[in-house]
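Paired with chain B in one complex and with chain C in the other, chain A is shared by the two complexes that follow.
Take a look at the complex of A and B:
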């Protein structure tokens, strides 16, 4: 995780280059649906979705320093709420999305209210139990279709979902940039992460700030869940509420670089490409769980700052790589 | 009335077994300040190892209990240095790194078990399976009773070890104040390794009994993880004696919810109670947590 000194260094790098790169990436992503095959449109859409999900986990896990192991529940809840809103209440898609996002944020505030006053371990436990509970509720209720799942009205338009996903992911990153990197709110969160008692002593209302951050980080998974449900048109408890959703968010953030703006994007890109490649080569399996688990352990042990951290240390130049390797081997 | 008594006895018997899952976990948190997300996976692997022993070597699973205890102690001893590395060194938030690391271990173990054994549900039988003791008003399945007896026995031994031996004093001192214990000559790293391997051994052993009582499958870890979490939150994180009461309450809760409301609602009920406890007395029902 970058400290104050790292943060200052990052901010002083030539800004113009970053904006030019970002603009280029944005332009390329705008024309992607016209130049690649449908399979690749799907894969790129998935990458954007995971990049957004990983970033929203990063808001609470990376910037605030409280690990939520039930974040997949907000995604699944968003999927079901949008589905119910569209099927049973016959609301338009956009209203359903907004509704599921707000509902997820409200629920996060309810979960966070008692647990964010305590230490991080309580929060991790409570969110994990919450995720398990939501999965069980989805299999019990009638309105969700129980274990059989739920069929949404089919709307087969790949480019539409591509642009919606791109827009929401862009919004997620813009929110993170403006609210967490460039505002007093973000500095307060950073203070909480680095030294909570000290932050409280200088007058930061830590509990309220943390609850706000958790609600914000739950809002986006709710929206993404809704888009995902309408995109794949068929959802069931295992596909949108399975434990693997949280697992992927955690591994993406940690591999990319926890607590950084572009780390989750890099992590999502790498993990999702590997995941899809394995899927094309081996088909459906459970082997990916071993790789995720091993990747999380390896990142925590050897590169706690993720790929972003490696880039900052210039590991991809030969001299930098050698000196870093020497440091790593020293246990 | 008969149903009520039967439910009560069932709940207490299950609670006795749950103590074993919670007790090592609670001590582990007290000493290392890390929540081990792999607790359910230790139970699952313990059940699978006993299943393999029974299938390939024969005999009753109960006689493998000591062997499994020492095997899992060795596993814990091997894994601990990795956890120690994850929580020490130049990291900004060591506790969170430890949490994520154990989360990674749990995914790794679950994925390994799913890849090797698939989604099949296995079961092991012992000479006690199917027998029961009649008490007139209620019947007690012999296997459940032996699980309960085993839980109580382990708990008594554990408590004697923790409160009556020199090692126990060192462990409790480390749990109370890590730095002071270190200054007074306790090798904190060694204590951590010892506690973690003890915890792994006890939890692996509980897996044998849980596997014999219920069924064995690769995804069972999540359930026992939730139960262990519930027990430590109710008991107060890191307060070991509270685990006994909390586990019995959990057993009763599960059994009554299962009979009177429906087994499908057990996680919902567990979460509601956990949320209430965190809201009202975050230090556990005895207010002795850390």
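Take a look at the complex of A and C:
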């Protein structure tokens, strides 16, 4: 009879292998600023930011099963709050970031309390409306510079922003791993996603747990928004509160694999790389959005479990690909 | 009395699903609830577990008024339930499903895992512990329902048609399992259509019809009660005995 100790032994080999991979990726990430051109430092920094944002969305959308379409608002709010903290209050950058994150989490708790009672499309609509509301507020306020936006003190140090983004993204993934993959909290979230009534019947305080998850998923976008604002030094409502911010988070998570730890990273990597490549080829424009849109349709239709799902089926090894193909044509 | 309901009533639109229902369960006993489809059996469970709040009436558990408490609070107080149609956490393993139930008492993941293994062994589901729920049979899903409810360490267990859809052999195994739980001191309320199960398990039986209690007695006297035969059992069943 297998006991769970035996089970742990069985699982230990692939886990150790994963840690080695992760360590290597981390080491490579550390030296990237010394070996690539400034353009590529910029692109990799963006990839890290999007990987972190996608994971944040994954906490509420993937693990908990509540699709938030207003998540960009937390990012934009973080950008403005850090800007205001640095310009008007003359706080240091780090304090501004922390303040942005906490404020975003608090706002999420306040918004979540009434809206997390709604399910499916209704929650999506409510959060979308919330996102629009924040954008309108940023457009009319004086302190945010209204539609003209806001200028932050310039700090032109690519490596600095690269390492800050790497650190916070690492923290996002570490938090997800510890709090969602390996703890009671994470199991409760999955239970809520899979069957909310049954979860309540076995003692899960669904209201509190959902609010905590929503607040956690808003904290990191708040921080990322702050870093982004200081990095690009100029923000306005369309650049940090536009609908495309949320859209990209959702798209990356679905492409990579919804509800998985590494799916959002893979999704962000692929989407942002294609995005930037097309931008380099065609220059400034919106044509690349059409290609990305078509790619998303293909993903949702043909690989609903995302890239992670494909990896698990070993479709990228020749033998695995063949067996999948056979299954597909029933041969 | 472990659980009492006083004049419990709830209506949905014009339909009174449970109508001034008063009943009591003695500690350590097994109570059966029978009645035609739509007679309010499952609705009664939903009222006791807090899924619905009653329009009027009270639910008293261990001397405390638990009417209108949220379901997770009631689960923490010691009432466990299974669903008529199994409601597992599908994209999790059998073990993980049960672990979620143990979280009420287990404060670490290690303790939760150990407790969950122990319960899976008790309901003989330990060999499927690491299977995804989508890959297990209906019988195993019914066992999983039970295991997950037991994981909360309830003092009162509500079983909603735990045998529906099982083969006679599987029913026999399930009855033995429930009997073993009862001998361990668990108080149980059983909603069931299979009369043999009711006869072999229950100390007392309550019969519902249109949300009202039409009879309450020992199982052997219930099957000869004229009103129960008319409303639920039918003439054929009484002739067989």
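Definition applied: the second predicted complex is superposed on the first by the 305 of 331 C-alpha atoms of A that agree within 3 Å, B and C clash if a C-alpha of one lies under 4 Å from a C-alpha of the other, contacts with A are read in each partner's own complex, and residues count from 1 in each chain.
The rule we apply is simple: a residue touches a chain if its C-beta (ideal position, glycine included) is under 8 Å from a C-beta of that chain, and two chains touch if they have at least 3 such contacts.
Computed from a predicted model, the values in this text were never measured in an experiment.
Visitor: On the A-aligned overlay, A:198 touches which partner chain: chain B = first, chain C = second, or both, or neither?
Guide: It touches chain C, and chain B stays clear.
Visitor: Between chain B (first) and chain C (second), which does A:187 come into contact with in this model arrangement: first, second, both, or neither?
Guide: A:187 sits against chain C, while chain B stays out of touch.
Visitor: Which one hits more chain A residues, chain B or chain C?
Guide: Comparing chain B with chain C, the partner touching more chain A residues is B.
Visitor: Report for A:223: first if it touches chain B alone, second if chain C alone, otherwise both or neither.
Guide: A:223 sits against neither chain B nor chain C.
Visitor: Classify the contacts of A:206 with the two partner chains as first (chain B alone), second (chain C alone), both, or neither.
Guide: second
Visitor: For chain A, which residues lie in the overlap of the chain B contacts and the chain C contacts?
Guide: Of chain A, residues 1, 3, 193-194 contact chain B in one complex and chain C in the other.
Visitor: Using the touch definition from the top, list the residues of chain C that touch chain A in their complex.
Guide: 49, 51, 70-72, 75-76, 80-81, 83, 87-92, 95-96, 99-101, 103-104, 109, 112-114, 117, 126-127, 129-130, 148-149, 151-152
Visitor: Residue numbers of chain A touching chain C in their complex, please.
Guide: Residues in contact with chain C: 1-4, 7, 182-184, 187-188, 190-191, 193-195, 197-207, 259.
Visitor: Which positions of chain B touch chain A when the two form their complex?
Guide: 29, 33-35, 37, 82, 85-86, 91-93, 95-97, 99-101, 103-112, 114-115, 222, 225-226, 229-230, 232-233, 237, 264-265, 267-268, 270-271, 274-275, 278-279, 282
Visitor: Along chain A, where are the residues that touch chain B in the complex?
Guide: So the residues of chain A in touch with chain B come to 1, 3, 61, 65-67, 69, 111, 113-115, 117-122, 124-126, 128-130, 132-133, 136-137, 139-140, 193-194, 243, 247, 250, 254, 285-297, 300-301, 304, 331.
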